[in-house]
Amino acid sequence: MFKKINISIIGVTGFTGIELIRLLVNHPYVKLKYLVSKTHGEHSKDYGQKISDVWPHLKNICDLDLTDMDVQKVAEESDVVFLALPHHESQKIVPIIINKTKIIDLSADFRLHDKSLYAQYYDHEHDYAEGLSQFIYGLPELHKEKIVSAQNIANPGCFAITAELAILPLKGCIEHVSLFAITGSSGAGKKPQDETHHSIRNHNVTSYKIGVHQHIPEIIQELEIEKSQLTFVPTRGPFTRGIHLTAYFYFQKKFSQKKIMNLYKKTYAKAPFVRMKKNVQLADVIGSNFCDIAVHNVNGKFIIQAVIDNLVRGAAGTAIQNMNIMCGFDETLGLKPISPIFP
Amino acid sequence: MFKKINISIIGVTGFTGIELIRLLVNHPYVKLKYLVSKTHGEHSKDYGQKISDVWPHLKNICDLDLTDMDVQKVAEESDVVFLALPHHESQKIVPIIINKTKIIDLSADFRLHDKSLYAQYYDHEHDYAEGLSQFIYGLPELHKEKIVSAQNIANPGCFAITAELAILPLKGCIEHVSLFAITGSSGAGKKPQDETHHSIRNHNVTSYKIGVHQHIPEIIQELEIEKSQLTFVPTRGPFTRGIHLTAYFYFQKKFSQKKIMNLYKKTYAKAPFVRMKKNVQLADVIGSNFCDIAVHNVNGKFIIQAVIDNLVRGAAGTAIQNMNIMCGFDETLGLKPISPIFP
Amino acid sequence: MFKKINISIIGVTGFTGIELIRLLVNHPYVKLKYLVSKTHGEHSKDYGQKISDVWPHLKNICDLDLTDMDVQKVAEESDVVFLALPHHESQKIVPIIINKTKIIDLSADFRLHDKSLYAQYYDHEHDYAEGLSQFIYGLPELHKEKIVSAQNIANPGCFAITAELAILPLKGCIEHVSLFAITGSSGAGKKPQDETHHSIRNHNVTSYKIGVHQHIPEIIQELEIEKSQLTFVPTRGPFTRGIHLTAYFYFQKKFSQKKIMNLYKKTYAKAPFVRMKKNVQLADVIGSNFCDIAVHNVNGKFIIQAVIDNLVRGAAGTAIQNMNIMCGFDETLGLKPISPIFP
Amino acid sequence: MFKKINISIIGVTGFTGIELIRLLVNHPYVKLKYLVSKTHGEHSKDYGQKISDVWPHLKNICDLDLTDMDVQKVAEESDVVFLALPHHESQKIVPIIINKTKIIDLSADFRLHDKSLYAQYYDHEHDYAEGLSQFIYGLPELHKEKIVSAQNIANPGCFAITAELAILPLKGCIEHVSLFAITGSSGAGKKPQDETHHSIRNHNVTSYKIGVHQHIPEIIQELEIEKSQLTFVPTRGPFTRGIHLTAYFYFQKKFSQKKIMNLYKKTYAKAPFVRMKKNVQLADVIGSNFCDIAVHNVNGKFIIQAVIDNLVRGAAGTAIQNMNIMCGFDETLGLKPISPIFP
């Protein structure tokens, strides 16, 4: 038995913030300490609201007050701080709180080792590039040993983690991989945009940022391939949650079906949230931290498909999995009871 | 055979604007003259675009340039001008173009005869209240004779026309009517809002402005009832197009099923766009100008249901029906070929 | 601390069956004993499958074998048996297992006290009418004291429980109530039908069985009103889970807003799964056992709205709530951690 | 001006049958003669119904009686007969009516030149293999000259035509192409199935028949490639209409962007229903006969995307386009007024 740890969330009113709450209220060793929101802070017109005033589905589940208190104080009184902020916002907070608490950053700010890649894909220079080396990329299936002793975690991007989990067992064997990934509207965040207008999104499918999406350098970094070896087609789909990814491979040498299957089984033998399936369907993982993966063989060419819930496995769920590992808890705590919701 | 008339649309890049185009390109006696858009006008950064650049589904269908030219000139060179603007915007344009062309205003600005009701429901004083009396309320099934000789039409609101068509045959008999109406997201317009965020709207049902919705005074005015005789519950549904309305009645005297049915048949005997059905379903009218109506009798209490496509019968379709009547064309021109799209 | 009880589910492969599993795997005092399915039983061609073979989202969550073993044996080895069968099927099983175990029947077979009403609304004579008096109607907010000592529970219908929870505090005051309720497709069960064809259901709204729906006698029975006092319009909506209900009231005497609010607060003071809200939205309860209720006052007429998840509060969740009460557990066990999934 | 031709549809109550009606009622030179339906025929319990009784959205649009009269008589009294039947059904009708009328078969029965491929992909021997050589594959953009003088047309499959239009300009240059295509539920036909259950389909994405789908031989035949050069991943998406296809290429030699673009422009210079776009979105073509195509270049690798409405361009629309060409009408008659319905 553990003593409860104090957890705070900065940027709590976004979709990943409320998903963290949905999951953390079930965690046996977690006490929610501060819910920080700039837009509902002490100096805003919306001050005085609880999280369940802003998001009423949380009523009776989490009725904590929102605050915009000094983040240094938040950090000092918390064992772990989750940053559920847009990219470019986390890098303003991190210098203030680093080394004062454990940090799990769900933004893109500390995922890339190379600050020039950050500048290229995120359209501005990094404000705290010296912090990049102090973060571990939070993909437990790849970096568990480092995460155990990490102080700061950069939680993977939603497309990136889907691609990485789909491809990880084949690392080192890839000549070229083409990816098609279709994502739900919740991946775009809560701020209304043309792309997430219901009338436009509903019954629509459209690709965007083909070959230039900001998750590309992350995938390349973790799979240790060159940019020219990856073709990535991110696509918007007419559903709320989830990513369905298809990977078409060219390998450096020929593989048997059996060999491929063994690579996957071996890689994920001790991974509680990866399920190998004969075929995957998006609905099977919604609400859960599972990544389902299937291997298909067409005339000797291999096609790998993977599905996740972008708000759980692609954000809050993996963040809690990282927290569990960092804090010495069982990796599945607070996440195992969360079955997929089906239908 | 008629000579083609010149038609211009002011506020063309909204959902009702592009729906007008979808329908008017099929009209045998219409030539689209000017497509006016303030946001894509000569002084904007987006100037130089065609309507099909902004809305690419129109490519090869309507590739006219967008303009923000002087509306007086637009009016002078057009036989009919459609105003597809938000409310409060039309009343700024109308004083400039009135009596220079026929006007069909799809906004709410000239629907109410009483300027104080306008101020109450639309939150500001009317800027051109003297114009109110110069507009005919464009419900062809009620005011066809006036529309024939009208110069200016105030096109009905989408909820309002559904309620009015559902109830019209019972005008004069109602003690009280309770309405439940559920609408698609396109009714909220193209500007992204929290309520039309796909992640929020999709799989959600929520009522709003219960008893205070701005279409209430319009319904009351046309059905000639008191506010206290109407309970209106407008509701947002998880679909793009359409309104499904249910009316629960208390009558001043007892009616037989046969009597009610006769009232409906008589009222709509010559209405080409009203279909009496045993039961209605929203999908049966989508894309078309039909209003389907069904009468149900439960233990002597009558329930009337009506369905429309909010962008056609609730906006662009009725506007064109009004134009046809004003211009001496067959009422159904350009609208009859538009079958519902099903499934 | 309690010893774990043995739970079996008969009819486990339907939507309510798998929802029971989703919830029960999180219950601290429950051990799933037998998962009974006739279609996957020992004599069927599908024998040998696990529940997670039939419904792969359950892989690694519940991998128990399916069986079609003798239900008497199932009953004898189980502390509680859930019957997740279509109506008319439960009444064939109940005579065999009654008094051998606690029964929670999710079908309609034992909800009505009057066998003639059953025959009228379900189109056939009841096969085990003598059993009707041995079942308690499982609405915890109304019959908690009886449920504490009950052996057999008839779990409420999904529309019925929504209406009952919406109206319960006004019991005894109603002159007439008109209901509009819109439900998701999961309410129709897993067997594909025209009404649940995605192409037909998606983007459609249509009412059915107006005034003759089989949940009417249940509502009347529990609210102790006459059939003529209720107008019920059940409606199919384009979403998977949930019921959104609107009730329009005529009262026997005049009520103040304050009086009404007090009735609701008092009735639900100790109800852990009823939340009073200013406004309700369907998305706020999906995945959870909550019923959210809001009271609206329009010109002195009261409109009550209520929302539930039909598979949780309308089926499996209430069933487990009943089980908790029957077994002396805290009423919320296994249900409290299940937050709504939003967005 | 042409005299109207008599058109009959066999298998009219399916999704492609009613889509043919939606489009044909707008065709200036078409008179609908017989609507043939076995399930609503003279000997069935449903006899006596109009098409608008079965599909009430057609009320006042097409109220013709359904019949199951002798198909030979249908053929003799019709200038063109559309067969909107499931595969394996058309081949029973064709021998009776061939050479008595023009035939446009929307099933898969006469698309493949090689009867052994038919047997392999459709799981039974062809009943009328001698008829295969008498049909022209109805892809107007490829076979227009043959269609002009054709008596019998095999209308392309919905996935197949999307792939063929996407790839056609590159015919002869392909080393390998990987396809990802996601389709709406209407492609599965009106008969309810597990895969089209709203609760399952809605919010789901799942691939099926990877590498073995029955449209593969059709694509290979028309593009003149080997099976090993094609990897096809057909996928079910949560929407009603449309196919969105992505093609990843390996070429036999290196191409410049300009060269590729020229190939597309040249191939489709006179194709009224192909629109080249910078980017495609599914919603832009829904309801219309357009195929929108975009070319993307990622690090020198080319990705082609194409979108169609599966019921129009993938079935009824192309069928009418073929009819127009066969009958000497303008290719676009009855199809041009059908703008996409957006949003």
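Chains here go by letter, A, B, C and D, matching the order in which they are written, and residues are numbered from 1 within each.
Methods note: a residue touches a chain if its C-beta (ideal position, glycine included) is under 8 Å from a C-beta of that chain, and two chains touch if they have at least 3 such contacts.
Quick caveat: nothing in here was measured; it's all calculated off a predicted structure.
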Fitting subunit B to subunit C on CA atoms, where both chains share a sequence, rotation angle to nearest 5 degrees: 180
Label of the chain whose CA centroid is most distant from the centroid of subunit B: A
Subunit A and subunit D, separation of their C-alpha mean positions in angstrom: 41
Centre-of-Cα separation between subunit D and subunit C, whole angstrom: 44
Of all residues in subunit A, the ones touching two or more other chains: 15, 186, 199, 202-203, 238-241, 281, 283, 286, 343
Subunit D to subunit C touching residues, read off their complex: 15, 184-186, 190, 192-194, 196-199, 201-203, 238-240
Complex contacts: residues of subunit D adjacent to subunit A: 178, 180, 182, 199-200, 202-208, 210-211, 227-228, 231-233, 235, 237-242, 244, 246, 248, 279-283, 286, 296-299, 301, 303, 305, 307, 343
Touching residues (chain side subunit D, partner subunit B) in the complex: 15, 18, 22, 25-26, 55-61, 186, 203, 240-241, 272, 275, 277, 281, 283-288, 290, 337, 339-343
